[in-house]
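Naming follows writing order (A, B, C and D), and every chain is counted from residue 1.
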Amino acid sequence: MRIGVLTAGGDCPGLNAVIRSVVHRALAGHGDEVIGFEDGFKGLLDGRYRSLDLNAVSGILARGGTILGSTRLERTRLHEAADNWRQLCGAYGLDVLIPIGGEGTLTAARMLADAGMPVVGVPKTIDNDISATDRTFGFDTAVTVATEAIDRLKTTAESHQRVMVVEVMGRHAGWIALESGMAGGAHGICLPERPFDPADLVAMVEERFARGKKFAVICVAEGAHPAAGTMDYGKGIVDQYGHERFIGIGTALAVELEQRLGKEAKPVILGHVQRGGVPTAYDRILATRFGWHAVEAAHKGAFGHMTALHGTSVDLVPLADAVTTLKRVPENRMDEAESVF
Amino acid sequence: MRIGVLTAGGDCPGLNAVIRSVVHRALAGHGDEVIGFEDGFKGLLDGRYRSLDLNAVSGILARGGTILGSTRLERTRLHEAADNWRQLCGAYGLDVLIPIGGEGTLTAARMLADAGMPVVGVPKTIDNDISATDRTFGFDTAVTVATEAIDRLKTTAESHQRVMVVEVMGRHAGWIALESGMAGGAHGICLPERPFDPADLVAMVEERFARGKKFAVICVAEGAHPAAGTMDYGKGIVDQYGHERFIGIGTALAVELEQRLGKEAKPVILGHVQRGGVPTAYDRILATRFGWHAVEAAHKGAFGHMTALHGTSVDLVPLADAVTTLKRVPENRMDEAESVF
Amino acid sequence: MRIGVLTAGGDCPGLNAVIRSVVHRALAGHGDEVIGFEDGFKGLLDGRYRSLDLNAVSGILARGGTILGSTRLERTRLHEAADNWRQLCGAYGLDVLIPIGGEGTLTAARMLADAGMPVVGVPKTIDNDISATDRTFGFDTAVTVATEAIDRLKTTAESHQRVMVVEVMGRHAGWIALESGMAGGAHGICLPERPFDPADLVAMVEERFARGKKFAVICVAEGAHPAAGTMDYGKGIVDQYGHERFIGIGTALAVELEQRLGKEAKPVILGHVQRGGVPTAYDRILATRFGWHAVEAAHKGAFGHMTALHGTSVDLVPLADAVTTLKRVPENRMDEAESVF
Amino acid sequence: MRIGVLTAGGDCPGLNAVIRSVVHRALAGHGDEVIGFEDGFKGLLDGRYRSLDLNAVSGILARGGTILGSTRLERTRLHEAADNWRQLCGAYGLDVLIPIGGEGTLTAARMLADAGMPVVGVPKTIDNDISATDRTFGFDTAVTVATEAIDRLKTTAESHQRVMVVEVMGRHAGWIALESGMAGGAHGICLPERPFDPADLVAMVEERFARGKKFAVICVAEGAHPAAGTMDYGKGIVDQYGHERFIGIGTALAVELEQRLGKEAKPVILGHVQRGGVPTAYDRILATRFGWHAVEAAHKGAFGHMTALHGTSVDLVPLADAVTTLKRVPENRMDEAESVF
């Protein structure tokens, strides 16, 4: 078999581990050939690819980023790919394509599969918001990085009597905020799934100070937002080129708390450190298993499917199921955390 | 409700997170009282306990060890406890006991429950070998510590052309070796579940050297053993008091490889660093969820059960199911790893 | 002897290690008594203190923050302390005061010493900008945290062809930016000591892209600033309460580069994670040595001095020397880094 | 100029950072050429080398090991090199050789320099035992790894009432044991510089248990040894091939304590994890500075010297001074640690 692999979308620790695993399984397990397309679907369309042998993937298991590069995909060019998939496969001698990516990439993968192209997807998102799989690789690393930051902030908050607001990633789903908030012991957690009222956070902080715990750490997902009418955001950032940009919920909430509490409240915006660098052991293992099963799926002809974790097993699910609904934090998980506002 | 909690058995990162979670949920969620018995079942029998309020569990979420202490349990004294459970509960005003522990502790918990005592168990083992739950807390930390060690050893092995044998924990089940071996990219993995032949490892190393990869890292569970007749262990360690002790499979295998390969092979025995210290974010979250659900189970009267992770949910399973069979690494998980010998 | 200890100023990993070391050396080495004032000089003036025995400092060596608390000091109240130092010492039975703090604290310490009070200072700053000592504890931890962030960002920048601007602490001296920039391999470093021209950074990035290295990471101290006339900052942040605040050099520079390069440039502001949490081994050792030597200095009657690292030795220097000039990054250190703009 | 670089001796985190820095400074700062000899002096003699340009050293700053490889040097072949240095330099067009290594390598470097070869040395040892420099790179990483292990062991020791003996590297000098023991808060530290009496350790542990601190962690350098007549080692390890090997001081001491205390005492031998893997920020910076200054020294014609850290400066010292005396832990440093036995 001749297998093509590509990575698309934003960065996610574990991408290289999937690539390595695909190559190992394909070459050592089946005697296949593997080629890697550069910069995601662009490389597929523009004919930029390279052969991936064991040496090409040596030493990349623990490395962040992706050796294949990745760019955001243009939708129009994807239709072009779907229409010409036979030619593309012919040109590269491709028997199957394994795209590794998030919601956008898997939607694209489905489009190609629907057109008839032999495709097996591997889901990837640090946000953990793909509903067809229990977890995605990259998520554990993001939670770990965010938790380490909260750990560090907590000692400062406690000994210096500070209120701190940590903004973590998660635009549409609050998994990173939920889990890093739980792991770090945040006193308040704000999620996109449940609009919060800043007055409740103010009450929580004041109750803490009243009983002698003169600090608080609040963990807020970048996509969290206040309930209608409870708080506004000002003009945000007005930069030197006159552009206005959203101030960010972390900063806005810190301003709001500072004003209402009459105490200093500091925002910390973790940003891209959550999506780069060495993957955790957990993510390397999950990524490696996904790569292995993607190759097996290809050999079984299970096209139009993607790998998914269910309990302790890696299974295959139809791409159609994977991208229909976003996996958001359910009420019962919020209950367990105790501190979701 | 008045809830008693205790920790028993060997150390396991996340124990404090469970204790904290039990206290938080019981006090804040239900207005319960919580007492903690010291040094496991000993404290229960000897009347050594203390009240656990919010202050008592402040700051312990990320701390290794257990604030309650733990000692190995004596079986005869446990029968004493089972026979007198009514008196014990009466003396402490106890409505439910939540023992946190491994196979031995859960067996004891079951014995107490069978005698009629209201008990809800929380499973704990770094070895991940309890069959009724997908995972146990402590395991992720152990795998993480072992993986970081393998990462470090690999760079030395590669640049200095060395063969290295890393021995990790796992007497009866090879989960730590399997997962840290996969995450660290070990070239060979030996598990208790499958006796290995040193000749196969020798062949693997020689094949690597032949194609220019002049190093190898082998990850071996402490309970792994060679197939009958393939290798012996010598006298082992003969210490200054004349005691003979098992040399350990890691050391024995390194000696064997050195002799057969004619190349230096170094053993590294990770030992107790795998079971202490700050738990990973993953383990803190799982431990916190287990504590929360144990309190809920107590309030529902679900005695004789323990908490368990199934997929993304924490459920309850009968203690009877928990301790009948050891969860060992199945064949299909070995296949995925590619490098199990 | 009866020794008073206090911590003042911003957070700094290693404060607890100094407190512990003072107590260990004073009690075990000399049979002294130690009391700790709460919340810095405030506790001294308000009579809030507690006795510190071995149990009080058990387990704090590796903990961030300070068990004594810290608040910013009010200058007028300090004059009050200087004027009444005899009464204060009398009231507490104090033979010597050991204040641990940064430039402001050491200036206060000097004022007290000049008034006649027996004082031995211990310098503390994550910024490493105190000229009388080779290094201060807290700095190594700050550099380590910043370096880990740059490591993570670099893999993302590389595989996703990004320009990233990391803002680290350092208002008046650029040591953290210099060293984390060197350790992380930043392609550009901007320091308060040398105004930069954004055009030079643009040229560097373009040169990199031209030779196929399609990413760049720039490390900028929060106190770095552009040369006069080369760039402005806009209105900055305009929050919901109408306050205008400085946008921050990291964000401003990212905007500037994005505009001039026509490529996305992302800012990451590390903030307070650099000053909290578990200290590195280096900082724990330096802090421990400082505490030990402060007690020895007290016993030698070397008042009006502070501890300082010179080469491999911990010595004493007059407080007068410590606070006269800020230690800034010299030209030759910038040369070594190669990438300072 | 045409510069040759090589790495020799055991592994040491930071080797790659030196190589990278030499290449960066030589190419970007001076327009030089750099070649790297493979496997230490062997590559020099056998003509195995490769050209090192910017791409060759891209991404290696934070990587453990050495991209050039390293083997232990054979003394007879070195004399061969010294005798033929003119031919070797002629053959490679070499203007200067920069060997990076420990005591053995620097002695070899001195021999070559004495013969007239243009040589600039860079000192390297995780043991920190080279007297002409305040510190060497690799040492901070080793101390950090050992400290993290002690941190982990301490929580287990405390909650499970254990005595633990951690053996760290350091055959002739006890720097790693001293500093990791201080940073980890070990209750006893044993160094090669001061023979210990196990009876003193027994007394310390018993005193701790008597006052309720029912655990102890002892940090012992691999080269530490008991005072004459205080303890013996037994036969050690007798392996399956009948070889007797030293049991190791960590294991022997644990056996001794267990026997004398009547309590379980567990040894943990950290081994090679201390010398591999990602270097700390501190070590990357020192290594980078050493590389930079080695190239400058070459251009100044300061042959027969090596780089050295003195206070905050990197200077040059004659190779003759570097290798005459081993830097051992002095009495005053032991006093500061309080717990050296």
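Here, contacts are C-beta pairs under 8 Å (C-beta built on N, C-alpha and C of every residue); 3 or more make two chains touch, one makes a residue touch a chain.
This one's a predicted model, so the numbers in the text were calculated from it and none came from an experiment.
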Partner chains shared by chain B and chain D (touch criterion as defined above): none
Chain centre separation (chain A, chain C; CA means) in Å: 34
CA centroid of chain A to CA centroid of chain D, Å: 40
Centre distance in Å when chain C and chain D are each reduced to the mean of their C-alpha atoms: 29
For chain A, residues that touch 2 or more chains besides their own: 151
Arrangement of touching chains [line / ring / star / complete / other]: ring
Touching chain combinations (by label order): A-B, A-C, B-D, C-D
Chain B residues within the chain A interface of the complex: 24-25, 28-29, 58, 61-62, 134-135, 140, 143-144, 146-147, 151, 179-180, 182-185, 213, 280-282, 284-285, 288-289, 292-293, 310-312, 314, 336, 338
Residue ranges of chain D touching chain B (in the complex, touch as defined): 10-11, 15, 63-71, 145, 148-149, 151-161, 164, 231-243, 247, 251-252, 255-256, 259, 266-269, 271-273, 275-278
